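Down below is the structure, laid out as structure tokens.
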């Protein structure tokens, strides 16, 4: 009942939304990684080092 | 007096003394329900039609929002530490506290519901049905809400977060409560079935609620 | 038993550093193939026309939204029962991703619904339960955000997750009852056409691609979370040293 | 009866507070825990009370009935007075008497002992810092538990009340009770055992 | 930085850091609106009809309930004592705190409202109108709610009592907000008039609100 | 500059706490308020700070600029530390520096003075009891106000921190400041004026 290409905007929209969400997720993970690593580097520079994992003093 | 007895009496005292919110829930219920027509508009038919829904949603919010200090007050002043170190099993403590809270907050709510139903122009039979379903359902809501109260016990801003956490879990009770209440006015739909399911859900909520709440409280200490 | 080896965060980190690039690459590849097949190769549906192409992202995202919650439930057990140190890290990392995929399912679904039913949204049982699932994700994330101490937050969220798991079937059941009770106006055939093999394969491959992407993201988020906790621990150490 | 801790390790908020702490307190003796701010005094008391779970180590109360946990045999007297402002002094105390098993003295005697008998009918909201502290201490007298855990018990107390408190503690010890107290101020609990949590001391040990 | 500037920044920081309830209001809004159809039933026409009312009442509750810690937190930790002893006029303090609260809580609420409107099946023009009225009305609600927050600051259980005290005062804003929002879909009824009145009411609320709140806070000390 | 109170009467919760209390503290001197629990020490400080209104009596700060109330010239350091756990040490202190007029020293100097400089970037939530109290005291150093009202300032502080605090107070007095301190513990603020609120003493006076 639909010819080819009808509603293409909805299809494009759906794919666009999904792509945006996926890209956002990837960006979130990468940027977060970047931030955490930078903080750790700064701390290392300030001479604070982990004495062992799990934060034992 | 036994430990649980003493706890029950104390909870009721606290609820009824100055600063305790015994009738607060009922009052909130009353005001929310009276405010709705200002938004929806005054058409009598429409209001009567969605009456049970308004009452149930109002009761749902009033119950959940009145729970935020259920355990938090005890934690802030150190009472919770001592209760945990007591001989009474925590599940009983939760059970008693919730029961007392329902008596002080849920029951008044059930009792004023007919008044509001009249305001909304509902038919007598619908009014009775709504009141019945509320009496059956609100205990369940209290115990589900208790889980949220225990999870947010360490947090200052209990209120909203609590509602946000447990509202999805209360959907079944809401659905069957409303459908039982409104079944009586639209003949074909069954009345007894949803009512029984509502009762079952409430019982289930009480069991799960006490267990989960006790667990959450145990983990909250430190 | 690998889970035991993973108990040590440092070993976990090194493993992720090694494995993640490959996993990510593979995920990208499979997803690309799947999308190519579903967009270019797969035929249009005889009655839904080209819009059926939405199915190839809609259904996988729907499946993943449920898979992710199941994964969080297992992690919750890991936190409360087995006390595995990485369990709540996994749960915390999974929540936002699950929420994202659920949102994807909702968005693509309603973008499909507009041409199919002429409306963006229907209070139909299945759609509504997805919406409720989405809200439960948001609630869990909110709880994570508000409790500062990760250990305590982990236990609280674990309890809520398990209570949620117990409730999900009940919610599904009651929502079904609710929508059948009211017989929604538009008759929806969500299950759509019985899927023809020429569509099934692209769908399955895309779904596999989505799943791989999900696990890649999850691992990455877990690594970030481990690092974040390391930062916090070191801050606390700093505070302790400052005390003397 | 002996309260025994074997190298206990405590973490709070993901941070190691102390480790390898051990002690053995026989009946009738007091253990005084000292150390600078943040050394872990309060944490140790909460750990004994069962409110903080130790990461490692053993804790036992020898010669007590086995089916109660150590925490259930301890009275924990911390910074927080578990008082409800809306309830009267009498009601506050009465509740704890009923809630705990093994009730000991009557509430009136307890209030007398801490010198609050005249305020029995007053809402707890009106009490001053020290009065609140005394009322919350009276809780230890209305129900018997062998072990008392006192966290800076004399803080906010005036001289008279401090003497009263010391006398009460002495009586409890004389009855063969056990007391563990964390404090900055010097307290004379007979000749108590001492536990120094300051890091330097722990390194030495 | 000036005193008020410092206060504004601090309030925003507190709202957005862990433990702060920046998006909690919006989340609560989302959930309440989602729960309503379970009570009212899924009929699209009915929901679209009462859509503006649902959104407005939801926004009203979310705003009021998110306010309970506005001054309570500052009182519990002694900040309020120091603010009272500061040189900055208390009215400014209230103004700044409420403004920051609206930015952190009210604004997100306005921004998500279109999504919810879509769920309720409202028409695009109605959606726009509702969003506009909400943007105009919620600041007023915040300042009226602030009065309640200040009155309940001495009582522990702020949440419900606040709503109970303040809900009646918010009825005018609710009425004109809803009527403006729903006017666009039922042509004869005027749209601009109620909108202008709504704006006037909001302004009025801001003025009265800051003054009354400041007064209430002054009395709250002891 | 002189802080003068002329027979002040204070009621709280409808009950008379004290009456006929008077004092005059010249610049550079400290007034140490003593008395048993419930005598009204905290009430007196809150009264001077303008947080409790006296039923009768006069209160004035002679020789200060007139358009500020007495309370606006006082730093009130009570039991509650006005700290936000979510903010860092630096942010907490910085806010008060900006919020009060007449900023004095920088936040870094103040943190140094109380020995918290290394924790500047730390969320206040991570601090221990003693550290919190010190941070809250640092507030008095970032903005100048002539009168300091200290309610049991040394509570929860270990020996080292107590010495630091006494030194800071001495410096403030040397600059011609005024200090009113309520305490049970002996504090050496030079040779302070003394005000005994214990009922017996007030009858004698």
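Should a chain be cited, it is by its letter among A, B, C, D, E and F, assigned in written order, with residues numbered from 1 in that chain.
In the analysis below, contacts are C-beta pairs under 8 Å (C-beta built on N, C-alpha and C of every residue); 3 or more make two chains touch, one makes a residue touch a chain.
Since the model is a prediction, treat every value here as computed from it, not as a measurement.
Both subunit C and subunit E are touched by B, F.
The minimum number of touch steps linking subunit B to subunit F comes to 2.
Two copies of one chain, subunit D and subunit F, form a contact in which over half of the residue numbers belong to both partners.
A centroid comparison over C-alpha atoms places D as the chain most distant from subunit E. In this assembly, F is the chain whose CA centroid lies farthest from the centroid of subunit C.
When the interfaces A-C and B-C are ranked by how many C-beta pairs touch across them, A-C comes first.
Rounded to whole angstrom units, the spacing between the C-alpha centres of subunit B and subunit D is 38. With each centre defined as the average position of its C-alpha atoms, the distance from subunit C to subunit F rounds to 55 Å. Per-chain CA centroids place subunit A at a distance of 50 Å from subunit D.
Within subunit D, the positions touching two or more other chains are listed as 13-15, 36-38, 79.
In subunit A, 54-55, 57 are the positions where the chain touches two or more neighbouring chains simultaneously. For subunit E, residues that reach two or more other chains under the stated contact definition are 18-21, 24, 27, 31, 38, 41, 76.
Per the touch definition, subunit E reaches subunit F in the complex via residues 1-3, 5-7, 10, 13-14, 17-20, 74, 76-79, 81-88, 221-222. By the touch criterion stated above, subunit C contacts subunit B in their complex at residues 80, 132, 135-136, 138-139, 142-143, 146-147, 149, 152, 155-156, 159-160, 162-164, 166-167, 170-171, 173-175, 177-178, 181. On the subunit F side of its complex with subunit D, the touching residues are 12-13, 15, 35-38, 42, 79, 126, 128-131, 152, 155-161, 184-185.
Interface of subunit C with subunit D (complex): residues 149-151, 229, 232-233, 236-237, 240, 243-244.
Against subunit A, the residues of subunit C that register as touching in their complex are 8-10, 44, 47-51, 53-54, 57-58, 61, 85, 96-97, 100-101, 103-104, 107-108, 111-112, 114-115, 213, 217, 220-221, 223-224, 227-228, 230-234, 236-238, 240-241.
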